[in-house]
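Let me begin by presenting the structure, written as structure tokens, before commenting on it.
Should a chain be cited, it is by its letter among A, B and C, assigned in written order, with residues numbered from 1 in that chain.
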Amino acid sequence: MGRAGETRVRGPLFSWSTRSGRARIAQAVLLAALFAAGAWLWNNTRANLAARQIHSGFGFLREPAGFAIGEGLVPYSPTDSYLWAFAAGVGNTLRVAACGIALATFLGIIVGVGRLSRNALVRWLCTGYVEVLRNVPLIVQLFAWYLAATEILPEAASPVELAPHVYLSKEGLQFPTPVWARGWGFALAGLGLGILCALALSRWARGRRERTGRRPRGLWLGLLAAAALPIAGWVAGGAPRALDVPEVTAFNVSGGTGVTPEFLALLIGLATFTSAYIAEIVRSGILAVPHGQTEAAEALGLSRHQVLRLVVFPQALRVIIPPLTSQFLNLTKNSSLAVAIGFPDLVSIANTAINQNGQALECIVLIMSVYLTINLATALAMGVYNRRAALVER
Amino acid sequence: MNGPIIEFARVNKWFGKFHVLQDIDLAVGRGERIVVCGPSGSGKSTLIRCINRLEEHQEGRIVVDGVELTEDLRSVERVRREVGMVFQQFNLFPHLRVLENVALAPICVLKLPRKEAEARATQQLARVRIGDQAKKYPGQLSGGQQQRVAIARALCLQPKIMLFDEPTSALDPEMVKEVLDVMLELATQGMTMVVVTHEMGFARSVADRVLFMDQGRIVEQNPPAEFFANPRNERTRDFLAKVLPR
Amino acid sequence: MPLAAEGATPAPDSPRAPPRCARGPGAWLRANLFANVPSAVATLLLAAALVRVLPAAVRWLVTDAVYSPDYAACRALDYRAACWGFVAQKYRLILFGRYPYADQWRPLAATLLVVVALLVTAHPRSWRRWLWPAWVVILAVFLLLMGGGAFGLSRVEPGLWGGLPLTVLLTLVGMAASIPIGIVLAVGRRSHLPLARAASALYIEMVRGVPLITVLFVASFVFPLLLPMGLRLDVLTRVVLGITFFQAAYMAEVVRGGLQALPRGQYEAAISVGLTWWQAQRKVILPQALTLVIPSFVNSLLSTFMDTSLVTVVSMYDLTGALRLALGDPQWRHFFLEGYLFIAAVYFTSCLAMSRYSAWLEHRLGSWARRPEALRA
């Protein structure tokens, strides 16, 4: 009988007979195997690169790119470096992803709620929308939209006028934008300030209501602030009214700001495809809230509006947000299909770069790092949200 | 062989920072029937799960049938052949028929040929009086029937010790009796049993000793007559007041 | 007949039917289309829109369309109706790619063989031991029919395979090869060895975080660098490897979901009767986990099927790629809409069938505890 409290004698480190010993042996073997495989691949790569006389290393990023990029947020010319070209690509990816996410969420919520409608026609149309868009591959849809944009739309000389001075043609969508002046800068600042004021006001109003039971008009005051401050800023800056308006000329539409047909096709294709998945997520989120919740809330005397706002939506949101974020990431990844229709996103530009200088390994590593960073950032944000929103359980 | 068949000496266990077993000293003799009771969270399940190394203790010694439980996997294998366990949630394998459930261990562990394993299994199923359900799947049986199959599965390796972790807690009241009857028969056949349960009637009629555990310690242990008539400790009295019917 | 007691209401002879206003088509219309004012307005607006659009669409698609491969007739249409003559002219190119014209019965036979095999596999009654070897044989026959070189069939290089058979091949081989890798990764991710957990998690998260196009680029540009000098793999093999490695990460998550859904008590019961870790996995854990996730497997099959359309970006002529090849003809290239509608219809019917099947299977398997004789013996 051993004395109580003494530590057990440890066996040999790599013994087969203890659980931890076996674990160490297994891990040592696994490490050796991974190492061996990695070394073999590395050797092969070095030999192949040398045989094809391809340089390695990321030095090429400093050299001039030498190819043009059709559109983008950042100014770019072919004499700029490869690094700047990649940055332009990332900018384009984020641009189409952000617009796509906004549009897809908007459409998805409408269609998702529509699938639960009492009206049979609305239900069938929404179901048809979801089933058709989910069962045809995205790239097929993108090709169709792109060809429609470039073949069916009229020539730039005689565009379709969607709204006064908003023109749609083979060259894309062109719309008026204000000429940048101080007043617009002030207006933007006012908007930011107004939103902050609105948030602060609503928090104050909620606190006031909880303390005294009376409801001050917090919501309306907030909206008023959010609307009034930007206008005040605009006026303060001299009330600039100059607009850059597109006009139809003999050959095309000039002036204003435009988006290319590639961007339009990619945006509409991505947004409609993803909205079908978002519609399903919204629908199952709402259905996931047990009907007993609605019944109990109504039995307490809450109005239908209050039942939705206070009981159904918070619980539905918990179920909806994680897969929704996953769809946002999918949309961002799917934007890489731009390479098929010629929109200069990150993958498209990397493809051009690879074809030019042959440094496939480095370019692919760059692409993957960008996507993995976006993924990681979203995963971290989701983690924070999940911790805050999780239902507290025993 | 003489000496206790299960021995705990100054056994301590932590789950992270939570000290779940504190200085447990226990000796169980051959053929002895022990009932362990106590409030939830007192460590009684952890205690019996340490006996077949489903949980590992960090300090102290546990010796089962002369084999000390250490990191050595061979000792664990030997102990698990001598110890059978019955779980609260039955844990039958739903994708195998009842006969296959019971015959699995003799085939895989004792390396018996299939015919012999199935013969043994049929014998054990008859022992718990459920032989006619041998071809069915667990999902087709009632809770009480499933638990009896689980007992047969544990018995098939012919263990020297049987552990029961709240075997009737997940059963509807009308099925509790059939399982307790089987356990009673096992007891009369001389099996060493350690049972965690809330069924005080069973404790009174079958147990040689009743242990009361609270907050990781064995607070009181006595033969049932003593235990129920004169609980010595304040906490035992509180517990019995809550658990025994008025 | 016993006399009713004083004051008691007489029992009815049989249950009565509901009142007239609560059943029948009138009631259905009222409940579903005209339940309240907004609903009625929506019905009227949508009905009006449909009445305007549907007849025109039907005329464009069906009534006024040209069905024969007559280029002059199609041009004369001037886009006022569909030119299905394009499909009639080019359907063999679209469906079979650049496969030699005279031998196209071979990819047709191969695809039909796989479709029949899928239909047979679909029913749980056929999930027996011989299913796995049968599928190996079927894939071997498929490759033999496509590639030839034996039994009197002329050799056709993989570079010429295309169209629907190529899509089917990429889907099946990609799925089949990714399942074992996925199982290993899933078990590794839940292992108690920190290195195995980290390596599996790293692989899974990295592959799931990048688009498939990137993986296809890796297959296309990087695999030749990774292979020892002198070893050449053709494009088809590299793309199949790429799809396999990509799909394996998603398969791993599917299997992991199944492993997590199993109660821990199953593992404890297995080891408490003395089974080793390997025996417990093989006999108790994996059979249950894999059966649990069969509907998710079908969904993975569906998404692999749709993903194969991306190989057109690396210049392989699957169904989508073959259509683009057909549209390269300057004569017929204006009729792209008809072409895309055609392949969209092919994809749509296959995918809809698979997703309906997956839902049916999930419903069927949900009752496996109650009717186990429907499953593997």
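Methods note: contacts are C-beta pairs under 8 Å (C-beta built on N, C-alpha and C of every residue); 3 or more make two chains touch, one makes a residue touch a chain.
Everything numeric here is computed off the predicted structure, so don't read it as measured data.
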item	value
Centroid-based (C-alpha) most distant chain relative to chain A	B
Distance-to-centre winner among chains (Cα means, whole assembly as reference)	C
Chain pair with more C-beta contacts, A-C versus A-B	A-C
Centre-of-Cα separation between chain C and chain B, whole angstrom	49
Whole-Å separation of chain centres (CA-atom averages), chain A against chain B	55
Inter-centroid spacing, chain C versus chain A (mean Cα positions, whole Å)	26
In the complex, chain C residues that touch chain A	31-33, 35, 39, 42-43, 46-47, 192-196, 199, 205-206, 209-214, 217-218, 221-222, 224-229, 306-307, 309-310, 312-313, 320, 324, 334, 336-337, 340, 343-344, 347-348, 351-352, 355
Chain A - residues contacting chain B, complex	1-2, 4-5, 8, 11, 17-22
Touch list for chain B against partner chain C, complex	52, 54, 77, 80-81, 83-85, 87, 89, 91-95, 104-105, 108-109, 137, 139-140, 150, 153-154, 156-157
Residues of chain B touching chain A in the complex	9-10, 23, 59-61, 70-74
Contact footprint of chain C on chain A as seen in their complex	23, 26-27, 30-31, 34, 41, 44-45, 47-49, 51, 117-122, 125, 131-132, 134-141, 143-144, 147-148, 151, 333-334, 336-337, 339-340, 347, 350-351, 354, 360-361, 364, 367-368, 371-372, 375-376
